[in-house]
Each structure stands twice: as structure tokens, then as C-alpha cells.
Amino acid sequence: MIYFDTDYMAGAAPEIIERLAATNLEETTGYGTDPYTARAKELLAGACGLDLANGAQVRFLVGGTQTNATVLDALLSRHEGVLAAETGHIAVHESGAIEACGHKVLTLPSHSGKVEALEVEAFISEFYKDETYEHMVAPGALYISFPTEYGTLYSLSELERLSGVCRKWNIPLFCDGARLGYALASPKNDVTLPDLARLCDVFYIGGTKVGALFGEAVVASNGALLPHFTSLTKQHGGLLAKGRLLGLQFETLFTDGLYERLASNGVRLALKLKAGFVAAGFMPFIDSYTNQQFFCLPNSLIDRLRQVASFEYWGPRGEQESKVRFVCSWATTEESVDCLLSQL
Amino acid sequence: MIYFDTDYMAGAAPEIIERLAATNLEETTGYGTDPYTARAKELLAGACGLDLANGAQVRFLVGGTQTNATVLDALLSRHEGVLAAETGHIAVHESGAIEACGHKVLTLPSHSGKVEALEVEAFISEFYKDETYEHMVAPGALYISFPTEYGTLYSLSELERLSGVCRKWNIPLFCDGARLGYALASPKNDVTLPDLARLCDVFYIGGTKVGALFGEAVVASNGALLPHFTSLTKQHGGLLAKGRLLGLQFETLFTDGLYERLASNGVRLALKLKAGFVAAGFMPFIDSYTNQQFFCLPNSLIDRLRQVASFEYWGPRGEQESKVRFVCSWATTEESVDCLLSQL
Amino acid sequence: MIYFDTDYMAGAAPEIIERLAATNLEETTGYGTDPYTARAKELLAGACGLDLANGAQVRFLVGGTQTNATVLDALLSRHEGVLAAETGHIAVHESGAIEACGHKVLTLPSHSGKVEALEVEAFISEFYKDETYEHMVAPGALYISFPTEYGTLYSLSELERLSGVCRKWNIPLFCDGARLGYALASPKNDVTLPDLARLCDVFYIGGTKVGALFGEAVVASNGALLPHFTSLTKQHGGLLAKGRLLGLQFETLFTDGLYERLASNGVRLALKLKAGFVAAGFMPFIDSYTNQQFFCLPNSLIDRLRQVASFEYWGPRGEQESKVRFVCSWATTEESVDCLLSQL
Amino acid sequence: MIYFDTDYMAGAAPEIIERLAATNLEETTGYGTDPYTARAKELLAGACGLDLANGAQVRFLVGGTQTNATVLDALLSRHEGVLAAETGHIAVHESGAIEACGHKVLTLPSHSGKVEALEVEAFISEFYKDETYEHMVAPGALYISFPTEYGTLYSLSELERLSGVCRKWNIPLFCDGARLGYALASPKNDVTLPDLARLCDVFYIGGTKVGALFGEAVVASNGALLPHFTSLTKQHGGLLAKGRLLGLQFETLFTDGLYERLASNGVRLALKLKAGFVAAGFMPFIDSYTNQQFFCLPNSLIDRLRQVASFEYWGPRGEQESKVRFVCSWATTEESVDCLLSQL
């Protein structure tokens, strides 16, 4: 059986496992106060064009939902909610973690997973025109994901417009980068880490789905936006005792371009898979250039593919076809994709 | 430098690292639905004398604060708080994680970290005698730690009395076992895993401090006490994507008695350390038989010890002495203890 | 100036003021333990065809948002949210009070303020078909308002269908009756208080907008659905010290048909107002038979009406017209309506 | 039967009932935007030596628990708790309302209900000396009550010292004045409203217990400390629809010295009652100079007094005596006190 279900099915890049093994019996202080974490912070800040000595902040948490909840809880006042696409991960797939912190997710239309700057602007300006706005939940931050849950990408100019709206209204722009590597590695992408650091107030670089055992690296160009973040992370249950495990993984990922190489594998194979399906006459129902691919396929073909491969079923379209998702990752092999395509 | 600061300074038991490496590129489904997790659940249930087919539940989370908050949020109604020693970890050292879920920690006197069954009984019976009790926070669960934050142990009969009070009042008894191995391995201990499973409603078996990279295993003899626990864990940010990392570690720990062996190392060396200090004429200020040792030492000696060793400073006692804590763990070596004692 | 802005602009029915004055210096115990409250509970239970001795519960709170938050917090588990029309008061106009308790509002399409039983059924059944439903917020209750925020009414058969869906899925049906009197008094209404008590699990009878100074009466045919409700109400800041003020007002409202008379005044005058506008050639944009009326009017007419009357502006429709709302209440006079209509 | 149970047993000062009746059918806008509320704000600011035009803020809420929770939620960051005496109302008698907002109540020793400036200072300075303070709940505000739950008073110099500590550490001082009138009217008191406004960051002037039907007036010399307070009040369920009821009551209370007169009645009669018991040979167990009096009495006397009077039982002291509380209020009559004393 070959797996295209998701991008967190394998363990970690072998370089990470080797490093874990090599440093295993060293003893360091906990909670991210160790030298591995310090080095990882420097490396990531550098990759983002930021300077820790100049107020930038890099922090490591274990998982995405935890990171979203902790960061948004830090960014939002009690009377504020967070704007997000109605398909955004925080709006749909986090078991209400944001609401559990007391904050409403204010939904915007989803354009293949993306929000539109004009619609963000309209929401906020309409909000403050409403005479009863104090009886409503104020938009206190904008959440986007990059790439989105549908594998789509914001262009640099789209991101600049979103950032402009947020700055005009003085609300932070927060980017969920759980799959960030697969955006950066896409041939269609024109956004860099320094662009993200410049345009977003807070974003994170996902490790869990891009070669780490686990871990998300939060980056804020202005660390003052995340005051008392250690306490808040502890309160949210996200302060890993052996914090060096996070530092060590991100140090490894950001040494010698490993993160890019891992992500590129996922994107390259996903695009090969896509090209193979298209060549066989099938059309994607979302035009993704990252590591997730979305097709409508005949149910008979789906049944046949299931003999060799595992992938997500996204529901019927009509009586003969269904929507499915194929995900490639840093761990996917050329052979797996070839094997799948050979079934077409 | 040798380290006695705490028990989460080294990585993991080599057996765990080997197993992680050996299985690293396997692909499994996420969030604890993998076969490693299934096997670990069976192994732990078995070690606790429980049967998963008979309603028992075993669940894996990443860290202790996360586990305490998630379990207590599952156990408590909105109008209820949790009873705990005033020195309990949830009362002091979790950045308000329990209150962040909306629940008050109702504190009881600490007897070297332990609560007294008679005082629990008195608290609850006084509570319901108060005519205004509906204006107060109802005691909805009892939290204990075993061993306690001060290394002390409940005897089986103490635990039976606590369990009896809880059952009389129909509130769950929840035991924080972050260092559980070091209790079970103590020569003074007469409590077994099946005893805990029988007397506590929910408890957890700590991995982070006893040889795992991270991970806590929650055990409930009656799983119905933890309904919708996957959703709640997700909401609390504790559902690890690559859940098999937890299953695999606990599977390893509970194979061939590894967990016991690791814990025994910590306890044996801590007691050797204690005996060495006592022989040199120093008296512990808490009489611990687990992996944490607490001494009042002359400040001049502390300065000398600090040349070779790192340990926690717990504050002054008078002008000439101070309180310090030494912790041994699964990773502590005989040489380290010998080296420390050679300074006396 | 005459006022059609809303239904909480005047004080209270004179009968209530007289009763407050007559009993003012009596001394009673607090928090709703007084005889006025006891009598009011009996009266309301009786009006709803319920028996307090048989498990029914009647409770009094101060305001609507407070009542919605307290009741839903009592009904929902931590992992659950509440289904509501996207126009529902809890979804829009309560400053995030439901989310502040940790619960997501799961929105359904609004049909002039109403939800459709088929869409509720579809939401819930789709939810449990989703393989990832444990990562989503479970629908734990259904919130409706009667009349809705748009003055519309559920028919008895619509309510029966909603109730049927809720019981099929074992989730409580909760009805916000902040304006309930104006529904019951509508000539188009075929739902009675006993129907509500039978079909809803919890509902409330609004006082604030129907002749009381303040106060909402929560009714549950099965009081066991609201355990520890005094504590929860206190926790939510809704337990009025001088609870008898609530009891006394509802006792007065439910004596000699006062509540019905007050509500009838509001509905009768609203329908007269509506008829007057229709006769003058204007069409309502929502066809309401309760005390709120919604018209699109030429901007020039709106300007003229504003010389004598105050009413809510609901935004433009095209360049020449705007949407406005007129609300009549128990306190509106025939002269006020005549005066307004004389401007047409 | 005569009542000394508490100070919220009667309705309101007749002047308030008259004013309610006289203005009853007037129509005003809601939620505190009416002219009565505006005038009351001016009057109270004036009484406190503050200027609304200069940033001071006065807000009205319905009850004390609601006010404590809303104000503290506004003042505290998510990682912060509130310091309070272990006997403070928020620590004991609010059903966990503060924790329900996510904040821990950090308790200090109670000295007959009061906290000591030196102990506040010690708590905060010890807190920040602790190396693990980020794992603990930061003291983010200081809550005091004036008079305290035990009827005791802070002297002006004690209040100045508390204020000094709070300002040194830059945390707001919040004073619960649910019974404030009875402090101001005490012959032992040397604190004025302008003193409170100057020394506290936020405090409230209780109406519920001092002659109003309900209502608490929050005063902040620097209104910027309570940003978005309307939204927060709405979210907490404390925004009264007919807000003018609050404005009108406080306007009446602060016209012609009514508030002082009402409070003076309660204090004068409480001190007469105290003197009578002392003259009869009984000693108070708390030496209160406000409207609450606390005595240890022989059980036989208590039984006899209960024939004519109702009062609170506070538990046994030994086998022959018990502690009881007598409360006088604005509504207590000379005859009631005489009648009680005649039983001695």
C-alpha cells in the first residue's frame, strides 16, 4: 500500500533522527532555554531577514492547533474575534480551540481557501459603520493560511494588499504556515520568508508536515506583539519540557537547505502526480501548485486506485464521480507516484 | 559539569531512539489511530490489570500541564473546581492552565506535598453544610500527585482512604503521575499500577521524566468518565499529529520491564546520594524515598558543589544555610553521584 | 418626538410599578428564595401546563444575553457548540458572550430569521458522516428565537419538526423568547405556551420587552437539564440579590392576563402601522405579523418621518430607498401610530 | 419578625421608587445612552472629584459579582491573576466567576478581611524573584473590599500604602465597594470618595446594598484602563437594556445627600446594636464600625433572639456559644434594633 492521505504519516527526515540520536544523552536545561533552541532561533530569524537583537522573536511549539490558539489568544483582546476564511483550519478543524479561549472566529468567504483583501476591508469598515458594533464581536486579527487548506497560494501582491488592510485598521495579520515549506517550494510562488516576516505580524513555519517529528516555529518581526508568551504557552499546555527537541529539529531543518529540499520533494512529486492525472484526461477541481492535489475521478477508478493506494475521500459529485485528495510530502517517493499513475 | 537539576534534561532511553529510527520512514495514520498506539494501549491496560474491551481507556498526550488541564476539563462540570494540595503542580506551576479552562483550584493543606483523607472529607462535608454553598465553587474532583512534588509517597492505605472519601462523595480521584515510575520503584512504596487503576478514577503514567522524549499515558478504568476525549484533547491543543510517536515510546517503555528499570536507576542513585549526604552529617528537610532529594546545606558547601554540579536552589534557611534539591533520573550515572559525594 | 426604535424604551406596566411601590419596604430573603418568586414560578409553570412538583423548573434572570449564555453553558458540553440561524441574536449581537463561555455558534442559513428542520437534520447527519468530526465542533443544542429577530413566527408544525429533529439526535432545543409575548399575541400564531413547553427543552418568556422593567423567565419541562443552575447563574453574574424583583414582576405579568394584554397592544398597533404603510403603497421587505415591521421607504419620506418619529435605519437599498424598522410595544399609543401614519 | 440577615432585603429608598414611577412611561434609548445615565455619571464623577471630560469614566452595572468579573476581565491579561484576601468575596462567594473568565484568584492572608501592604509587596517581589515565575500566575491586579466582608475599614494611610505598592509594581488597585456607603458613613472612617478615586485605579459605589433596587457604579479616574467596556459588559451579560434604571437610581442617590443619609442610618443603628450587646456583656469577635456586627453569643440566647429576629448563623464556638452576624441597612428601623436589644 502506498500513502497519499496526508503529509504527517512518516516520521522525520533522517538527518533529524541522526541528530536526535547523536545528542540524546546530553543534558540541557528545559523549556527552550537550551543552546540548540538558541541556535535555531538565530537560524530562523536569519532566514527571515530578522534580527533577534532588534526585537524579533522566534518561538517553538509542538503542533498547529496549539500554536493557533496560543498565538491568537496572545494577539486578541477579550472583546475581539479573528477573521478567517470560512474554510480556514481554525474555523473548521480545531474542535473549537479558538472559541475555547473565548474568541469568535468571524468568517469571510473562501476563494479556494483564500480571503480577498477587498472583502476584509469591507467587513471591517462595515463593522465600524454599524451603530450597534459594540454589541458585536470586533475583528481583532486576520488569520490566513499559506498555502491554504486547498493547496492554493497568495501571490506577493495579494499578501501586500492583505497586509495593507490590516495595517490600515491596526489589526495583526497572522499566517498559519503549517505547510509553509510546500508554498515556498512551489514554482508558482513569489513570496519569500523575508516577505512573510515583513507583511505578516506573526506567522509560523511548519515542521510537523515538512520533515520534523513535530514542531511549529512562530516568527514575529515585532516580538512585543507576543508579550508573556512563555506563560501563555505554558497555560495552553504547549511548553515542551525537553524544549531542545524543537530547537534541534529546526536547527537541522534550517541547516544546508534541508527544509527547502524536503518541501521541494513533496511539491515536485505532487505536480508530477497532477500532470499524470491531467494527461490521463482528469481535471483537478482545485488548481493547486503545492503538495496537495484535488481531483474528481470516476468512482470505478477510485475503487481501482484504492487497491494500491490510500488517499482521502472528499465526497460525491453526482452519481458517477467523487472528489478525492492526494497529498505528497517530503517522504513521498518517486516510485509511489509512478505506481499510482501506472493505474490510470 | 554534572546535572541534578531535574529529570527531563536528557533525551530518551536508547531503546526508544533505536525504535524511532527503525520505524522512522513507515507511514501510518495520524492522531493515535496507528497500530503502535493500539499495542501500547493494550500493554498499559494489561500492566494496570484493566481490559480495554471492558470499558477501560488509555490515552496518550504530550505533556503534564496539557494532560492535567484536558483531563480535569473532561471531569469537571462548569460550576466545579478541583481540590488539590496548596503545593500541587496544578495549584502553583502551570501558569493558571486550570483556571484558563474556567475551573478554580480549591486548595487543601499540604503535608510534605500530600493531602489528608480526613481534611478532604472535612472540606467537602463543611462545604455542603454551608447554606451559601451554591455561591461557592463545588469540589468536583480531587487531584493528587504520586509521588508528590516533594518526592513523598502515599501508602496504599492512605490511597484507599482518599479513594473512599472520593467515592463516598461521588467525585473522581485524579492522580498526576508525571514521575510515577519513581514512586513504583521506591523501596518504601506498596502501591502497584493495578492499585492505582482500582483506586483512582483517572491517573497518568509519566513518560517525559521517566525515559521518553515526551508523553504521558492517561489511564481510566472506566473510560466513560472521559467522554469525547479526542475532541477535548484536540481543543486543548494536545492531539499529536504523529500520534504513533507516543504509542511507540510507551510500547517500548512497557516491553521487557524497561519503564521499571529506568525508574529504578533514578531511585537507586537518589537514595545513594541521600545516604552519602546523611553519612556526611547532613539531614534532609523532606524525607524522600524517590528520585528527588532535599537538603539544607551550608552555603559554603553549596558554593563548592556548584563547581562540579548543577542543582536547584530552593531559598535560604537562616544566614548560613540554604535549601537545595538534587534530582536523579533514568539517565543519571553512578559516576555522577560518586563525583558529587566526593566533594563532601 | 414619538419612538418606534425598539421595545425597551419605556419603563414598565403601571401595574408593576404599583406593585413594586406597595411591597417596597417589605423584607425578604435574597437570590430568588422569596415568596414572590415562588408564586411567580407556580403561575408560569401553570401557564405552560407544567408542574413544578413533577420536575419542571422556572428560573428568573435579568437580561437576554445573560440568559442565553447561562442556559447554553448549562446545556452544552465543553466540546459542543450551538446551532443557530446566522442572523440569530447569539450569533450576531451579544458581543461574543457564547464564545466567551467557550462554545462556538454553528450557523445555519436564515430564512427571514428562521431555521429549517431539514437543514438542521442535514447539518447534524453530515457532521457525523464526516470522518474527521472529532476535529470539529459537535452540534450540542439548537437555538431558535420566537418570534425571530425579524419578527417572523414558527408555525406549530414547523416547531414540531424542529423538535423532532432535536429529539432524534438527542440535543436540546432552546428557544429565545425575549419577545415571546408578541409571538403569542400575533393573529398568525398557532403556538401556545404549553406547546413551547412540550416541544422545547428550555425556553424563556421575555419580560424586558413586554412590560417588565427587566427580567427573563426560563422554563424547562425537565429541570434536570439545568443542573446546579443557581451556581451557574451566580458564576455568570446573573443572580439578582433582590430576586423578588423578578418574581414580583412576573407574578404581576401572569395575573389577570396582563402579559397577553400588554403584548396584544404592541402587535395590534404594529399591524395597524403596517396596514397604513401598505395602504399608502409601500411594501414590507419582511412580512411580519408581530410587533416589528420592516419597510423600504423613499429616502425623502424617511427624512420627513424623522421630523416626528424615531426609528431604526437598516441601510440603503439602491440610491433612492432605504430599509427601516418600526417597533411597537406594550407602551406604544394609538396616537403615536396615527401621528406617524398621518405623515404618509 | 425583624430582619438583620443582610442589607439587600428591602426594596429601595422611597425617593427611588417615586422617581421610577414619575418617569415610568418616558421613552429613552437603551443601554445607558439616556440622559438620566449621563446626569448620574456627572454627579458621581463630581462627588469623586473627577472630570469626565478629562478621561474619567463612570459606568453602571447591575450586581456585584457581575461587576467584579467584568472589571477584572478588563484589567487582567490572560496570563495574570488577581491578588485578594483569602476571605475576599471574589475568592469565596462568587461561584468561581473570576476563574470562569480564566483568571486565578491569588490569595493573601486576611486580617479581619483586610490585606496588608507589606504582604502584597512581599508576594509580588517574591514572585518575580522566583526563577520559575513564568510557570506561575502573575499578580496582575489587587482586589480589596471597602468595607471588607467583615465590616472592617482601611484607614487612609493603609490605603495609601496599598496604592503605593500597586503603583510601584504597575498593577491596578481595584476596590469592591458593594457596601461603600457604610464605610463612608462610619465614624471611624477617614477615607473620602476623592481619596478612593485618587488611590484606586477602579472602584465601585454599591447601590444594591445602600438603597437602590440594584446597581453598582464603576468609577475609574483613568477610563483608558477599561477599554471597550461596553462590549465587555455586554459579553458578560451585564449591559442592562433599560440602562436608565441604573442612571436614574444613582442620580437620585447622589442628589441632596441621599446616599450618605441612607448609609448613615445603617451604620448608626448597627453601632447602637453593638453598644447594646456590649453593654449586656457580650463581646464582638470582629470589631466592626460599619453596618455589619459580629458576636459570639450563648446558644440559649440565640434561640431566644430567633423568636423575634432573623440573622445569620456563622457556626459554633465551643459547645455553648455560636458566632452570629447582625446587619443593619438603610431600611432598618430604630424600633427593630430596640426590639432586639430588649431581648438581652
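The letters A, B, C and D name the chains in turn, as written, and every chain counts its residues from 1.
Just so it is clear, a residue touches a chain if its C-beta (ideal position, glycine included) is under 8 Å from a C-beta of that chain, and two chains touch if they have at least 3 such contacts.
Owing to the predicted nature of the structure, the values given are computational and were not obtained by experimental measurement.
Undergrad: Hey, what chains does chain C share as contacts with chain D?
TA: Chains in contact with chain C as well as chain D: A, B.
Undergrad: Based on CA centres, what chain would you say lies at the far end from chain D?
TA: A
Undergrad: Consider the two chain pairs A-B and A-D; indicate the one with the greater count of contacting C-beta pairs.
TA: A-B
Undergrad: Just how far, in Å, is the C-alpha centre of chain D from the one of chain B?
TA: 42
Undergrad: Please work out the Cα centroid separation of chain A and chain D, and write it as a whole number of Å.
TA: One centre to the other, that is 50 Å.
Undergrad: Chain A to chain B: how many Å between their CA centres?
TA: That gives a centre separation of 33 Å.
Undergrad: When you check chain B against every other chain, which residues touch at least two of them?
TA: Touching at least two other chains: 78-79, 94-96, 100-102, 134-135, 231-232, 234-235.
Undergrad: Mind pulling up the chain C residues that touch chain D in the complex?
TA: Contact set of chain C toward chain D: 3, 5-6, 8-12, 14, 17, 20-21, 23-30, 62-67, 69-70, 94-97, 100-101, 208-209, 213-214, 231-232, 234-242, 245, 331.
Undergrad: How about chain D: which of its residues touch chain B in the complex?
TA: 78-79, 81, 92-96, 99-105, 132, 134-137
Undergrad: Considering the complex alone, what residue numbers of chain D touch chain A?
TA: For chain D paired with chain A, touching residues are 73-74, 77-79, 102, 134-135, 138, 227-228, 230-232, 234-235, 239.
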